[in-house]
Amino acid sequence: MDERTSLSRRKLLHTLAGTGVIAAADLAWWDAPYIGPRKAWGAEPVRFQWSVPEPTRIALMNSLAERFNQSQKDFAVQIEYVPQAQARQKLISSITGGSPPDLCQVWDNWVGQFNGMGAVEDISARAKSWKHYADVAPTAWQTVTINNQIISLPLAVTLDGIYYRTDRLKELGLKEPTPDWTWDEFLGIAKAFTKADKNQYGYGMRGGGTWALLYPSEFAYANGAEVLKDGKVVINSKEAVDALAWYLDLALKHKVTPPSAATDGFVEIVETFGRGVTSMYQHNSGSSGQQKKNVGADKFATLPLPIGPANKRASFWFSETLTMFKGAKNKEGAWQFMSFMLEDEPSLKYNSTLGLLPARQSILKQPEFANDPALAGFVNSFGIGIVSPYLAYPGWGGKIDSDGVPLIQQAILGKISPKDCLDRFADILKKEMS
Amino acid sequence: MKRRHVPTDLAERVLAGPVVWIGLVLLTAFALGPFIWMLLTSLKDRQELYATPLQYLPVHPTFENYIDAWTSPVTPFSRFFLNSLWVCSVTMVATTVVSVLAGYAIARFRFAGRDALLLIFLATQMFPSVLLIAPLLTQWRALGLIDTYQALIYSNFSFTVPFTVWMMVGYFSSIPRDLEESAMIDGCNHFTALCRIVLPLAAPGIAATAIFAFVVSWSELLFAISFTTETSMRTLSAGLLYMVGQYEVQWGPLSAGVILSTVPVAVLFSFLQRHLIHGLTAGAVKG
Amino acid sequence: MTTLSLAKPRPRPLISWRVRKLLIGYSYLVPAALCMLATVVVPIILAIKMSLYADVLYKPADYRFIGLGNYVRLVQDPVFWLTLWNSVVWVFGSVILQFVFGFAAALLLQQAFRGRALVRTLTLLPWIIPGVVVGLIWQWLYQPNYGVINDLLIRAGWMHERLAWLSSPDTAMAAVVFANVWRGIPFFAIMLLAGLQSVPDELYEAAHVDGAGVLARFWHITLPLLRPIIVVATATRIIWTFNYADLIFVMTGGGPANATQITSTYTLLQAYSSLDFGYAGALSVVLLVVMLVFTALYLRVTKGVEETA
């Protein structure tokens, strides 16, 4: 027997004891937070979940929270950063577990579902007596109003427009399109931009994520179609089918879209434009800051969506909101922070750093937003903005993700016809209309 | 001392010679390929990352990605590192100890419900862990264990132990009983037989189990995000995801973070793999 | 080296030897069992209960007991059957390839050569990275426009057109399986390498003396002795892969058009997008039952962890 490798009984028992003790010990000396705003004595904590952590935003939010904490002694905001992909899961789990954060930053399409769960606090009273209530655009309020109750505060609003490469347009010797451009002009420019052998494509079509379905819906509105009419689902009307057919032809017939279109989500369409693979794409103002870094501020600009055959067009409002939960322990503190974020300076700093548009009209008029060509397309779209019709029912959001997106992906791949796609989608929507 | 085995037939000569070399080269290339790409990416600055056509070697290699990741106050990789190291080490030790004991008992003793117990252990792995988060979150919150190392350690522990028990059952089953039985005839009891005879023989298995426990908790993500709220308590895997922004994945810092995160495990493994050597059973079986 | 010694006469114990043995056996299991109970078994039972209710989170007014209603819906759901088939392809494709290549790797890494420690450490690396990050990396590699794979293949002249690996229903599943195989080989390599160490040299020597070639020795000695470990490793890996949603979720989100949707990603979607926890619970329970049946059969057929010789 090899004595060296034998383990004495004593040693084994000691290890066991050690493990147990260490595992059970309260590691107080390591518990002190390493970073984060310092708490004032006696300040009530406000738990705030932030769902888009990335270095720029983290630094920005930390400094805004610090300013808030220092500007008053009653409340101290603690920010919890949750990576985007897990943010929704975590919110749902903490709501069902009975301990939601006091406040969270989410998008308007999530709020409807949370409200349906009965988790969101009604802030109509607070909002209406707020000093800046009238300054926020009515359509912005509409995105956060359900059943005449205001359930959340819009932090930033945006809508969809088209980004395009101005330098490539010049190279091709084409005329710069006006904000009133039409579908035909759009198609013409997309075709001119497409050089498959050089790995350049005209339009970065989106096939992944909720908005893969919403972008063609916006085009459908330009053809005179609607989603809901008189309370009935008409997403599969003739005008909508024709519009979808035209939209899909971009990929199937004219081939102005890259081969990855069917699964490209927003990260991909932003990145492919940023790398010069696509020369146009549809998105909200949120990625304008990113493109200034990727492509260069002087090489691109934005336009509203093109006018369709019915001489109409529409763009869906989309807002980033601050939402308070019913189960919050510190509602007053949460409200104080929410209204702080919409004060002049914080709102200006937040929106201009991230390329978003402030919900308050007086701030929107500032030169940072009014004079920026990258934001021009969106500012010019305010007249055609409508609240997304898909916010009408809380059940629609989830169904779009789980059932609607696979349908549009199949349509982009040419496996089902536009009519088939919309008929089936209409059925899905009708089922969730309770 | 092992006698050097002289290959005599053709098949063996071929297999022992060139096949082994080609095999090793292919294996390492396959495993390392994406890592080499990560390493190159981590040394590029932003411009080179976005260059088209694709640039492979960095023209101006830079360490700024590493420095940024490590020292950044908003994503303190140094802190994430320590958190992960602590949680995974404790999990590894606890898991190994418990599964060695349980595995031995199941492998050696025949008792009622043995097979059912094995199946139940395995069944705990058959449920999507995402659905278990909500009840676990309530539990930990009720116990006041949110934002502590304990919650992570207990959760990791509970999910690695079923696997590791199974693994140890497998390893113990392949060690012949005769050795312990002859030791017990000599006067040892079960526990001493376990310590003195079986454990040294099962050392490769134990090393494999320890590595498994460490690696699984090192790469574990879901619990780390669900049971912690403070940035200072996040682990390395959760920290890596901070590099996934809303509109772009920051490949520079992310690949630097990935390379950094492989270092401790590689170090640990290079120590443990010493036990994965042949010859411990030499001389053990007679006749 | 065994010396003959007289067995010492044992005093009559209070508890019989048999019962004592049983108690010792159980006591070894107590720590493990307690933890299982608290953190896993109880939540699973809660989830089973959840599946018997109509539990859609944003319709709290409709919450009621519906017995097997969710299960009936499941049986009639064509997407569910599609995901089940996808799961089978995903699991068996991944595990078989991981096992074969992992075994080859274990055999290679067992040979003595200079720098063995380094090579072993390097081949372990794919396993270390969190699944979500592996998904991101491979998604980037597969990117048709600026991904390395397409770039290298075109430069080498083996391909002329850029293939969208993850966007085409024909290649998407193969592409994610490939990434999963990359990630899973180290697991088998380590497990089997550890197992290979316990095969005594003498057996090989004896067989060699008897005239058995390399392949015969492998077939008649290595495999049978390794059986418990092979069964354990493959069974645990199959179960784990069935439930493994991260990679697919990140790389394709189940698309395009459900081509890579496996049952566990479908469950995730139902739970966190549709907020239909009742249906998600039913899906998980069905998956659990399928895997239990499979495991029981698998263990029986391979004679499980019965001891060798």
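When the chains are written out, they are named A, B and C in that same order, and each has its own residue count from 1.
To be clear about the criterion, a contact is a pair of C-beta atoms (placed from the backbone, for glycine too) under 8 Å apart; a residue touches a chain by one contact, two chains touch by 3 or more.
Quick caveat, the model's predicted, so the values are computed rather than measured.
Enquirer: If you count the C-beta pairs in contact for each pair of chains, which pair comes out on top?
Expert: Of all chain pairs, the one joined by the most C-beta contacts is B-C.
Enquirer: Based on CA centres, what chain would you say lies at the far end from chain B?
Expert: A
Enquirer: Averaging only over C-alpha atoms, locate the centres of chain A and chain B and give their separation in whole Å.
Expert: Chain centroid spacing, chain A to chain B, equals 36 Å.
Enquirer: Starting from the mean Cα coordinates of chain B and chain C, work out the distance between those two points in Å.
Expert: One centre to the other, that is 14 Å.
Enquirer: Residues of chain B that touch two or more other chains: which are they?
Expert: Residues 52, 130, 135, 154, 241, 244, 249 of chain B each touch two or more of the other chains.
Enquirer: Check each residue of chain C and list the ones that touch at least two other chains.
Expert: 132, 146, 272
Enquirer: Where in chain A do residues touch two or more other chains at once?
Expert: As it turns out, chain A has residues touching two or more other chains at 85, 89, 92, 96, 199, 275, 277.
Enquirer: Chain C touches which residues of chain A in the complex?
Expert: Within the complex, chain A contacts chain C at residues 85, 88-89, 92, 96, 112-118, 199, 207-209, 258-265, 268, 272, 275, 277, 394-395, 397-399, 401-402, 405-407, 409-410, 413, 415, 434.
Enquirer: Which of the residues in chain A come into contact with chain B in the complex?
Expert: 1-2, 5-9, 12, 15-16, 19, 22-24, 26-27, 30-31, 33-36, 47, 52-59, 62, 78, 80-86, 89-90, 92-94, 96-99, 199, 266-267, 270-271, 274-277, 286-287, 290, 293-294
Enquirer: Quick check: in the complex, which residue numbers of chain C touch chain B?
Expert: Within the complex, chain C contacts chain B at residues 2-3, 5, 7-8, 21-22, 24-26, 28-29, 31-32, 35-36, 38-44, 46-47, 101, 104-105, 108, 110-111, 113, 117-133, 136-138, 140-141, 146, 148, 151, 182, 185-187, 190-191, 193-202, 204-205, 208, 213-215, 225-226, 228-229, 231-233, 235-236, 239-240, 242-243, 245-246, 264, 267-268, 271-272, 280-281, 284, 287-288, 291-292, 295-296, 299, 305-309.
Enquirer: Can you list the residues on chain B that touch chain C in the complex?
Expert: 2, 5, 8-9, 11-12, 15-16, 20, 23-24, 27-28, 30-32, 34-35, 37-38, 52-54, 98-99, 101-102, 104-109, 111, 117-132, 135-136, 139, 154-155, 157-159, 161-163, 165-167, 169-171, 173-177, 182, 185-187, 190, 201-202, 204-205, 207-208, 211-212, 215, 218-221, 237, 240-241, 244, 249, 251, 254, 258, 261-262, 265-266, 269-270, 273-274, 276-282, 284-285
Enquirer: List the residues on chain B that touch chain A in their complex, please.
Expert: 46, 50, 52, 72-76, 79, 90, 93-94, 97, 130, 133-135, 137-138, 141, 147-150, 153-154, 191-192, 195-197, 199-200, 203, 222, 225-226, 229-232, 238, 241-250, 253
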